[in-house]
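Two complexes follow with chain A in common, the first pairing it with chain B and the second with chain C.
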Partner chain A sequence: MSFPVVKGTAYALVHAGSMLLYQGSTQMTERLKNAQSDHLRELPAHLRKYEDAVGYPPNQAYIGNITPDELKEIPRPWHENPAAGAGRDGKYGEIMPEDEFFGLMKIVDSFDLVMLEEAFQDAVKEKLQAHQILKDIRDINKLEGTACSAAEIQTLVAEHGAQPLYSGGKPAGCVKKAHEFDEALSSEVMLGNLANKASAVLALRLLLAKTDLRPEEVDYIVECSEEACGDMNQRGGGNFAKAIGEMCGCINATGSDTRSFCAGPAHSLVEAAALVQSGIYSNVVVVGGGSTAKLGMNSRDHVKKGLPALEDMLGAFAVHISANDGASPVIRTDAIGRHRIGSGASPQAVMTAIVTDPLDKIGYKITDIDRYAPELQNPEITEPAGAGNVPLANYKMISALAVKRGDLQKADLMKAVDSFGMPGFAPTQGHIPSGAPFIGHAREMILEGKIERAMIIGKGSLFLGRLTNLFDGVSLIIEKNSGRGADTEDAGFDEEQARGMIAEALRDFAKAFKG
Partner chain B sequence: MLKGKKIAILGDRDGIPGPAIEECVKAAQAEVVFSTTECFV
Partner chain C sequence: MDLENQARIKELHDKYGSEDLIVVLGGAEAEASGLAAETVATGDPTFAGPLSGVPLGLKAYHIFELKEEVPAEVYEEQISMMEMVLDVDEIINEVKTYRQ
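Right after this comes the complex of A and B.
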């Protein structure tokens, strides 16, 4: 068996303060109930500046400028302690400001739904034409001669149900609905889908820019966000994957969308690994864009507690899975964890299914995994909202299970949490924190010999869809490559290969005999 | 302690989910009148 490898990763964040105000579901609901509410009145004063979002230590960890271990050393509150040397560009990606992102949304819009105000469009065109990885994106000319006046935008918003776009407190444009009556193509849905597509395009282009992967080498794209793209007859028809690949020049790729709430990325990584290991495709990319609905989801609590509205980032990532190169960390496809339909809902049952069952399969103990990456939600966002420190809660459960199994002494429970855990550093963007943000760091730590292996864990709240009370969980282990090459990863006997060698020897013998 | 009491359950995806709490309180002979699991992230 030849395990597939994690060949490359890229991460993008988009500062989205005005979309938090106007398109975050918490604020949209509040506006419907009471447009004059205290929350809506007070929220604007809590929005962060772009520079503050760039300096925010968890965001710097997300784009790879600091490690999760370095983040742990920065005292909280992190929003009062910016990371030293913070910058827009990171080892794994970048943090894009909202005005440029609106320009990117217009570029990726195939149906002329994004309208930008003239002066605003001119300004962002200039910035995007100078952007290292976007200056040569197809359709950048959509920013030429397509702008409209502020009055036209006002009419579209006030009379035709378009979603407003603001920049610096001023109207910058709008997103129109794509159908007069179809709710699946409403302006709200189209804005969310276009923002998701644009942020995923940014992540995939970053991956192509930062690694050796060429766009035409991509065979398959698995898109793993939580949005649904379709019309009233097939609301989740798809396909984000091909729409994203099209904008990145992946002319030889096809693709599809995988959904399982926050567990989507983990499912997608397993699928990508299987497609590569089976030989169906050589290069598969897993990509996920950001969610506008989740912007400012817990902002009521942040405002009440006098905090900045920290949920102002769209998150996106892209991971390249390829055939074994003998060097990059492998995905142990022989030890995939899954929460089965019959696993049960207790924390112990869940952790057993996701964590210990796959470890048992390959004879590992809980303590053999150097790092666990479960829900990496930033605690500075979740704690004020009463949701606690989510990764820490997961680490304690894993550690408790280790004690119960005899892998660990009870006295060492918290020591283990410190050792295999890390602080959450991802924005509360649903599928984004589900283990995926650590893949880049894990890859690097394994390549540098700092750790041997890490477990990526995704958990999904299926009950939110109101079809089942079940939830979901998938895990995978990323491990140091043995370096023995493509066909001997597990040193097992490869019958197919042996047969081929015998056949070749017989052919050579026959040739020699004839000659 | 819970015998005969009516119970409303609010479970947490990353803590104790509703169905798990439900099983416990049922075992204590309480009546579950409402049970849900919420996701706060």
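Right after this comes the complex of A and C.
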């Protein structure tokens, strides 16, 4: 079987302090209930400066300047211990400041909804014209001669329901609604969708800049965020994927949007792998932009506990899946984990379905996987909000399953957690933490021979949509390439396949004994 | 505690009363489980949801406390892994506090 490979990855973060304040759903709800509330009054003093967000160790791990193992060695609280040598640019991507991002939102806005104030637009235009990967983006001329006055912006916000954009505490622009009555095209929704599109465009352009993939080579784009784009007659009609590809020169690509809450990226990676392995497409990109609604989601707790408002980052990523090149790590499409509709919703049922069932299929033990990448939420964000250390909880569950299966002694439970785990380093942007942030690191660690394989796990809370109480989860194993490549892998003896067959035969044999 | 869940529990309480109604929790943390137990007993301490200032007087139990009530094979299949992972005593002690 010729497995598809993870050919390249890119990661982007956007510092979004003012959007946290004005467009984060926690703050928007609070403003509706009581615009003078203590939380809204106290929150601004807790916002971070861009420089602090750049130096924040988990953010440096996200863009590839430090590894998750190096992050583990940095003492917490991380917000008091900036990473040495931190910078805006990283091996896998960059951390963009909010002012430039507003300029990018205007560039990707096809319906003239983003209005920027004159002086602000001029300053941002200059910065983006000097930006290595954005200076030649199509429609950069939208930043020429389109600005409006501060008074016009004030009127649009005060009288026409536009969403305000602030920079350095001053009004910088606004996002208008796209329809008079349609809630699916309201200014809040349009701002969220445009920010999502812009951050995904940044991630995809980073991927194209940092790898050999050329835009015209992309055949298909799977977009995997948690936003819905459409109008009142088809609220989730789509299509983010093509809108993003258009801004990146992917003229030969088509695409579509895949949704499953936080499990969206894992589903999308499986789809991309299948499209490539089947030969339908040669180069598929999975891309996901960030969520403005989730900015400052837990900021009440952070403010109460005297912490900075750490949920001030939009996250985005792009992963290139291509046909087997004989070198890049493969996706084991013969061992995809899936939470079935009939699996049950208890944590144990979910972990069995997405972790141990696929391992059984190819005769692996839990301890055969060198690294697990489940929900990689940064614990410094979730712990003060009472949600605990999410990745650690996942690692303990995987270890406990290993103990129950006899793969591990109970006494070694925490030792295993330490060996196959890693600290969470992703912003709490729903789909973003779900395994995807580790793909770049995993690819590099496998290529360097530091690990053989990693499991990427995506889990989704479907009940939030109020249509089902079902849970969701998908996993995939990324593994060292056997080196036999696309042409020869099908021919002759396939060690992996044989191993799976022997394991299956042994299991049947053991079952016959039991029965 | 989730605002929708608060509304649902309030509805159930209004329909069935508190005498034959208990709340079964599955929280992974003592603090969060305690908060849920407190919310259904004396009202939402965060004053964010429908149970703000509404003391339903319901008793909450964590599923770990009800082990004897659950068929052993179901418990083994659904809960035993989490029993190995979570701080069972801390959670139970916290939840118990709000039944006194």
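We take it that the second predicted complex is superposed on the first by the 486 of 515 C-alpha atoms of A that agree within 3 Å, B and C clash if a C-alpha of one lies under 4 Å from a C-alpha of the other, contacts with A are read in each partner's own complex, and residues count from 1 in each chain.
Basically, contacts are C-beta pairs under 8 Å (C-beta built on N, C-alpha and C of every residue); 3 or more make two chains touch, one makes a residue touch a chain.
These numbers were taken from a predicted model, which means no experiment stands behind them.
Peer 1: Taking the superposition as given, does A:N469 touch the first partner, chain B, the second, chain C, both, or neither?
Peer 2: first
Peer 1: Is A:L401 touching anything from chain B or chain C once the two structures are fitted on A? First, second, both or neither.
Peer 2: It touches chain C, and chain B stays clear.
Peer 1: According to the stated criteria, A:S346 is in contact with first (chain B), second (chain C), both, or neither; which is it?
Peer 2: Both chain B and chain C are touched by A:S346.
Peer 1: Now for A:L413: first (chain B), second (chain C), both, or neither, which partner does it touch?
Peer 2: In the superposition, A:L413 touches chain C alone.
Peer 1: Once chain A of both complexes is superposed, is A:K125 in touch with chain B (first), chain C (second), both, or neither?
Peer 2: Neither: A:K125 stays clear of chain B and chain C.
Peer 1: Should A:G430 be classified as contacting the first partner (chain B), the second (chain C), both, or neither?
Peer 2: first
Peer 1: Quick one: classify A:G386 as touching chain B (first), chain C (second), both or neither.
Peer 2: both
Peer 1: Considering only touches as defined above, state whether A:R443 meets chain B (first), chain C (second), both or neither.
Peer 2: In the superposition, A:R443 touches no partner, neither chain B nor chain C.
Peer 1: Once the two structures are fitted together, what part of chain A is touched by chain B and by chain C alike?
Peer 2: Residues common to the chain A contacts of chain C and of chain B are 344, 346-347, 386-388, 393, listed in rising order.
Peer 1: Once bound in the complex, which stretches of chain A touch chain C?
Peer 2: Chain A reaches chain C through residues 344, 346-349, 351, 386-388, 393, 396-397, 399-401, 403-404, 410, 413, 466.
Peer 1: For a test of understanding, state which residues of chain B touch chain A in their complex under the given definition.
Peer 2: Listed in rising order, the residues of chain B that touch chain A are 12-20, 23, 36-37, 39-41.
Peer 1: Across the complex, what residues on chain A touch chain B?
Peer 2: Going through chain A, the ones touching chain B are 261-262, 298, 344-347, 375, 377, 382, 385-388, 390, 393-394, 428, 430, 433, 459, 461, 463-464, 469, 471.
Peer 1: Which bits of chain C are touching chain A when the two form their complex?
Peer 2: Those residues of chain C that touch chain A are 4, 28-29, 31-32, 35, 77-82, 84-85.
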